[in-house]
Amino acid sequence: MSGMAPHIAVLPVVVPLLTGATLVVLHRSSLAFRRALSLMATLVLGLVVLGLGLAVEHQGLVVYQLGNWPSFAGIVLLADRLAVLMLGLLVLLALASHLFASSGDDARGPHFHALFQFQLMGLCGAFLTHDLFNLFVFFEVLLAASYGLLLHGQGGERLRQGLHYVVLNLVASALFLLAVGVLYSVLGTLNMADLSARIATLPEAQRPLVEAGGWLLLIVFALKAALLPLYFWLPRTYASASAPAAILFAIMTKLGIYAVIRVYGLLFGADAGALAGFVQPLLFWAGAGTATLAALGALASPTLRGLLGYLVVGSAGVLFMAIGLGTDVALAAGLYYLVHSTLVAAAFFLLGDWVRRHRDGGDAVGRVAAMARPAWLGGFFLVLAMAAAGLPPFGGFLGKSLLLAYAVPEGVVIVLWSVVLGTSLLNLLALARAGSRLFWQTPTVATARNAAPQPPSPALGERVAMLMLVFGLIVTTVMASDLTRYVAGSAAQLSEPATYREAVLGRDPLPTTVPR
Amino acid sequence: MITAAVLPWVGGAFAVALLLAFFRLLRGSSLVDRVLALDTLYVNALALLIVLGIALGDPVYFEAALLIAVFGFVGTVAASRYLLRGSVVE
Amino acid sequence: MLLPFLLASPFVAALLLALMPRAGRAMSAALAGGGAVLGLAALFALAPAVFGGDVPRFSAPWLPEIGLAFSLRLDGFAWMFALLVLGIGALIVLYAYWYLADDDPPQRFFASLALFMGAMLGVVVAGNLLLLVVFWELTSIASFLLIGFWNGEREARRGARMALAITGAGGLALLAGVLMIGRIVGSFELDVVLASAAQIQAHPLYVPALLCVLLGAFTKSAQFPFHFWLPHAMAAPTPVSAYLHSATMVKCGVFLLARLHPALAGSEEWFLIVSSVGLLTLLVGAFIAIFQQDLKGLLAYSTISHLGLITLLFGMGTEMALVAGVFHILNHATFKASLFMAAGIIDHETGTRDFRRLNGLAKYMPITAALAIAASLAMAGVPLFNGFLSKEMFLTETLNVPTVAGLHLLIPGLAVLAAAFSVAYSIRFIHDVFFGGEPKCVNGTPHEPPRFMRVPVEVLVLIVLAVGLLPNLTIGELLAVGAQGALNAPLPEYKLAIWHGFNVPLLMSVVGLVGGVALWAFLHRLGALRADPRASFGKRAFEAGLALLVAIAGLNTRWLESGRLPAYLAWTVAATIAAGAVAFWADGAFGARETLPAGPGAWALWAVVVVATLAVALGFRQRLLAVLVVGAIGLAVSLAFVFLSAPDLALTQLMVETLSILLILLALRYLPQASPRERAPLRTGLHATLAVAGGGIVGALAYAMMTQPVASISEYFLRTSQSEGGGLNVVNVIIVDYRALDTLGEIAVVGIAALIIAALLQNARPQPEVAVPASPGAPSLMLQLVSQWLLPLGLAVSLYFFLRGHNAPGGGFVAALVFVGAVFLQAMGGGRALAERQFRNDWTAWIGVGLLFAAVTGLGAFAFGHPFLTSSTPYVELPIPVVGEWLGKVPFASAMGFDTGVYVTVAGALLLVLFLLTRLHRPEGKR
Amino acid sequence: MSLEFLFASGIGVLAAGGFWLLLRARTFDVILGLTLLSYAVNLFLFAAGRLAPGRTPLLKDGVAPLLANHADPLPQALVLTAIVISMAMTAVMLVMAVQARLANATDHIDGREPRA
Amino acid sequence: MRALIPHPVSSLAVAVLWLLLNGLSNGQLVLAVLFALALPRLLPAPAIPSPRLASPIVAAKLVLVVLYDIVKANLEIALRILGPESRIHPLYVWVPLDIASPQGIAVFASIITMTPGTLSCEVSEDRRWLLVHAFHADDAAAVAAEVKSRYEAPLREIFR
Amino acid sequence: MNAMPFWLDAVVAALLVAGAVFALVGAWGLAKLRDFMKRLHGPTKASTLGIGLSLIASMAWFAWHGGFTGREFLVTLFVFLTAPVSAHLLVKAAMRSEPSAVPPRRPDTRD
């Protein structure tokens, strides 16, 4: 392991890649074997991320130059506290997804675990890469894998939503390339630190193109992260996914937000001159609109999982508002909320699957056959609903409190307060409505007769997965202070683009480029 | 010298041929016609590459010419099989 | 440590119950009651300190970043309230043990009840305002669970949701207010906040903070106009109602008013808002109460009215009014809890709560009747009962209100009116239930309840009487310590006594009593008390509002999240247009770089691209035709790459083009052969506009880019490709070396795509009528032969491209595509069966092997201490002396190993897909 | 008309055609639209390296390895990656289109025929 | 020999192809031999077995005849294409086949396509008839007789 | 690089011109003629020959300029090998779908 230490930053990409490839080679081996291999690899990934986290704590920024090329020429991976945070979250969700899937979902179609590992590879790569085009490539890897996971097990509705999801993402990929083209054409490089350095000294005449490139890129991220007016596809798609896929989707939305923080924080950060923070006002207002519409959507959603999709959108809206405020403290609060909302969404998707099973396949909130409703199911629903609606004592409450406490209620911040509090109320109403109908409504005589027999209680793996996520929620609540300090550290790190440039480019003298 | 003098005209002729084939591709009337036109398009493109190679004095475009020949054929076969049988491979 | 123990005991009980889903009624009640009793024990253990003037505190950090700490603080006021919560809580548990029916799940009930108790206790002892909000919201949740306990009933579910909506909204407002207070003061610690009245009230955020906090308090305490949720909470089991009305939930609000009184009260705003809301509530609640037909309904509106009274007192802002308010909280808790329990007994024994059916019960259950009448008299404020004492103090205080000139009689007058109302509804309660005829339509003959069900009522009525008769002895000290805590300052002079001599308040009391009796008699004679009460306006407004909200939400969902992809795409294109247009907003997008002249060749290719694109987009609905024209576009694009000195792109584009066409042809068979005409001119026009604008923006951006000067890192690649990357084809060296990670990702995508397709096609078998029918016939001899001849040659060509890639156009990807083409030609010539028989390969495994190969080659660098994907030694000479020299230098970068991985992955993936697609239409019964 | 203008206008036309077909509601049209769009995008990305007709594509003795003598190799490498990825995705889309038709009995992208 | 080189034609073709592609050098010669030996072996046996080739002289003569005919036929066709369309009289001809070898039939059909104004359209399933389309002809029998004598006869000698 | 001798230059030029003319005529036929079976003849023969001639020209040109590898010969061979097959398949497809291309009945079949 010590021999691997210098390479720890690349291992989050390599480990799932090797595992995925091996799983493809051994695609005819027993499912049990593939499950075990995939689980092992995910645990190893957890160790790797732990190691990387320690390295980041120790060194500040961990830079890895692939192919031993100078930073500006080759591809560079970079791990900072934010990346480690996202990776840690990913590993937790991945374990939950794996355990849940291994209870039977993975048997519904071939290649689940290979696709799962490729998905991890793509996500890890996207969290680590410091190269704009390489980010595109990892986006493609993780999206491709997500198409597979979304369609896993098929079904007409899943195909329908899958088509929408795939087409939209392909268009987004095209826009990504346009953005890369525009930025490269003016700035002549792809390394993010290098881009940042060049934007900082950009001649005024070239600013309009770079700005357009920045906006184009924002569309790409906004489509993934679910920002108005580009989130419309999300609720139905998430609602159609199986629970293990939906768990990973929960972090994919956050990936879009991560990309916004990473790219805009570095490229258009404090020292980007006239372009500093140029997207932030839009992020704030669009985030406000997103959160509001999502809260309304949650209220109107006819199914539980549709509602969950809206909750995901709503949390993205709040996060965008936090980013849009453009302060360290707001970003830190946002990051805390990000962790919490991701965990809640993941746990809720698991629960949604249980509910669906207990309802003979449907999770419609309307007046349909009532479900068999063991108390534990209702208990989990209660806890998750409280967490999701931002009710105390869970992290949602703490996160929103952090956000509000850090922002003086004056000017646009009043909008922030109103939206955060107002959407909390709407979410509360929606969840109460859904919960009371799902768990409290008694069956009519006719439907009771047709009601399915009590389904078997969830498999051990599923229960462990759920407990893991709930435990994560409790940890984010109880250890809120430690987590807050960590994310504040991340935000502080991000607020110093110069540090990144120094760390990435400092060791290689840049080639002289003469405009021609 | 003569070669150099005729090359633009030769290239132009192949280009015109290409456009004629393109006209037929758009005009039809039947699908078979259009497959034939596309095939001819490929063949003339190949010729253009040869001419370009001579003009540049660089054989680097030979690979492209070879691939146009091979894949033009594969494409024509597939399309005509689709027309002929309704399936490309049985 | 006693303080956390005090708070923990009900929570522990709740948690234990939550973990014991099968606990019986006795077990559940014992646990919940145990929690209350343990808490009481702790409370009494703390009593000496508190009564001695000490304030026990406890604090643990939670989220110091914003000042949230787990701080507990037990001053006299908190002690008094804790006593209410736990004491009445214990009685409620005892009562509920008897009250619950056999099919009510006891574990759920008592767990929720214990949670409720704990949450309320938390509000009371919280020493940090944010922590108070935490428990505050918990009370909302717990009450939601309890109100909806009989979940089979629609009214219960609705009532629970309404309560949650109103009090939840109030909780969020409270959070906002508390956050603002915290911002003003710099701390959420109650000690600090209570000592910062001047600072708070001078701050510009004071009014918003006050409004938010009051919103929280008013919603929770059911103050007008938020009062309507409370009567609907009556759907809860009666013990819950009793608890909710006496010691918890609605008392939260008035508790908060008292708690923050030292910090927030005293200002004009406070007085105006709080007292007017209190006054209105006092009147409205009392008036509506008279006309209720439901026993619990009457009690509920009575509660609203009494809470209004308390609010009014707190609004007055004087010290003595605060004392009166605290006193009335205590009194109201006792008589209202006993009244509810009595009502529960009546309901339990008769099966109805309708005044029109309940008559003359005094005959059947005399003891209960006596208890209920005693409690009602306290509610009416009749002397010798505890309600009289605090009401008298209230009337006194109304006279001291500093009001605007000319209106100084308004408040005392309205207070007397309210007193009359309360007398009227109390009489109605007594008369309609216990006297005046025989009960109607009741199952069996009513009788007294089980002995122990009555005990809690007896205890409470005893307190009512004891306090009413001997106030100083019984409650003097408790009130003093409680009021002192609430005031956070020395107590004013006051005297607890039944008789203060003849004075104005006494006169007001008498007028109220007489007026109340007269009012009741008048209404009774009129028959106005027999009519059905109308559904409350508040409830109707709330439900209409909610329905409107849901309708708007549904409209929004239908309109924006329509499930129609074209709409989503239209938004995306519109966003693209907006983003791109930014470049042209300001001057400068177009640079001054010199442009190149366009020759006829360029014009020809341009014409082909433009005409073909228009044809595909607008003209050709027949799909095969469209595919062919797209093929022509692809060819033109390849030629463009050729002319622009990019042979690798030309090769790749050309082959990918052909392969895509092959794939499309394979799939097209299972799709309609032509696109239908669309009939939505408006939408079509919009789409056309978007498409043209989008294309225009993209084109303009492209042109703008090309007119800007360049300052690229690319020259580095040109300069080092040969010396350090070992190849003359810079593009290929970039792909397999400088940016090998991109390529690794790219082939992973190809592999993943193949896996997805394999998964999708695994069990697919189209119905015969879906596909274009295949015509029979022998395979073409000529094709078969040619494909057969070309196979080994194709393989050789493939190897040629592979080996040359580093120094000439080509490389692993192109080579793999050549291989795929050759194999596919074989399948077209000889049929799928033949080709599959010939290539018994596990193409899926190829994908994995290729990826492993590429990755492991990259990992090889670790052995030399280099990073992932570091390529080594550009050229090797074979070590054998003579042979090596004879052969010459063989270019061999280890990046070729990587390229091998590319080759194998791509070939495996494409062949897997192609063969699967050809197998889609297999004969019935065969796999 | 400069070469750059021709090139850019060609990109624009391809992109417009791509957007237009994407907005049609049939799976097959969408696939064609994506194909056209990816042509446009690939040419666009290539254009980011500027146009360099008639240059030596490979390194060669006697030709200095400068951007003045060669087409910019970096965008080419990017376009290569992009081409391959878009091919893979086209394949996925195609198969999904077929499966959706088989499952929903229509090739409408929303899985149901619009009401007339 | 047969064990070492199971598909001699194939191997020869690979070797020649490799050298044509890469030019002649010592290293490439080694590779050519290597691939010539390896590739046909790696690949599965062809569905239609390789024919035995005889009479190389006849074959060489045929190649020359065909090349001459190609040029001649193209000139003819070019003139007719450039002339008025009304003067073109196309015609279908069924040509009975005497040659049996599948490779022979294929080559015959190919030659017909490349040469005098004719196109081979279809080989009947029993391989006894070849449908030919003539660009401009008046006498079907004459067309059949010409192609049979000019190409089929030598081919029958070559593919025995 | 020394200039080609006049005769070689002339041959190369002639081959190129001839090739271009044939290809042009073939394409002209494709574009002009009104009947599929007539149109087919032009491209299959003339264009193929046109390619062949230019390939030979290219071979000769590079032979003199030191780049001879015989690869053009390979392409020529390939084109000549595959053009008849393409044409063959196209005719078969046309005979199935084009009314004007329906062939007469085989002489040895009765009814």
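In order of appearance the chains are A, B, C, D, E and F, and numbering begins at 1 in each one.
Keep this in mind: a residue touches a chain if its C-beta (ideal position, glycine included) is under 8 Å from a C-beta of that chain, and two chains touch if they have at least 3 such contacts.
From a predicted model like this one, the values you see are computed outputs, not experimental measurements.
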| item | value |
| --- | --- |
| Lowest number of touching-chain links that must be crossed from subunit A to subunit B | 2 |
| Most widely separated chain from subunit C, with each centre as the mean of CA atoms | E |
| Of B-F and C-D, pair with higher C-beta contact tally | C-D |
| Most centrally placed chain, judged by C-alpha centres | A |
| Distance from subunit D to subunit A - Cα centre to Cα centre, in angstrom | 28 |
| Subunit C and subunit E: spacing of chain centres that average the CA atoms, whole Å | 75 |
| Computed distance of Cα centres, subunit E from subunit D, in Å | 40 |
| Whole-Å gap separating subunit B and subunit C, where each centre is the average of the chain's CA atoms | 61 |
| Set of subunit B residues in contact with two or more other chains | 18, 31, 35, 60, 66, 70, 73, 77, 81, 83-84 |
| Residues of subunit E touching at least two other chains | 17, 21-22, 109-110 |
| Subunit D, residues touching no fewer than two other chains | 22, 27, 30, 40, 42, 44, 47-50, 54, 56-58, 67, 74, 78, 81, 85, 88-89, 92, 96-97, 99, 109-110 |
| Contact pairs between chains, per stated definition | A-C, A-D, B-C, B-D, B-F, C-D, C-E, C-F, E-F |
| Touching residues on subunit A, where the partner in the complex is subunit D | 133, 137, 140, 144, 147, 151, 154-157, 159-160, 162-164, 166-167, 170-171, 173-174, 177-178, 180-182, 184-185, 190, 516 |
| Interfacial residue positions of subunit E with respect to subunit F in the complex | 17, 19-23, 70-71, 73-74, 77-78, 81-82, 85, 88, 90, 92, 94, 96, 109-114, 117, 119-122, 124, 128-129, 131, 133, 135 |
| Of subunit F, residues touching subunit C in the complex | 81-82, 84-85, 88-89, 92, 96 |
| Touching residues on subunit B, where the partner in the complex is subunit F | 1-3, 5-7, 9-10, 13-14, 16-18, 20-21, 23-24, 27, 30-33, 35-37, 39-40, 43-44, 46-47, 50-51, 53-54, 57, 59, 62, 65-66, 69-70, 73, 76-77, 80-81, 83-84 |
| Subunit C-touching residues of subunit D, taken from the complex the two chains share | 1-32, 35-36, 39-40, 42-44, 46-60, 65-67, 70-74, 76-81, 83-85, 87-92, 94-99, 101-102, 107, 109-110, 116 |
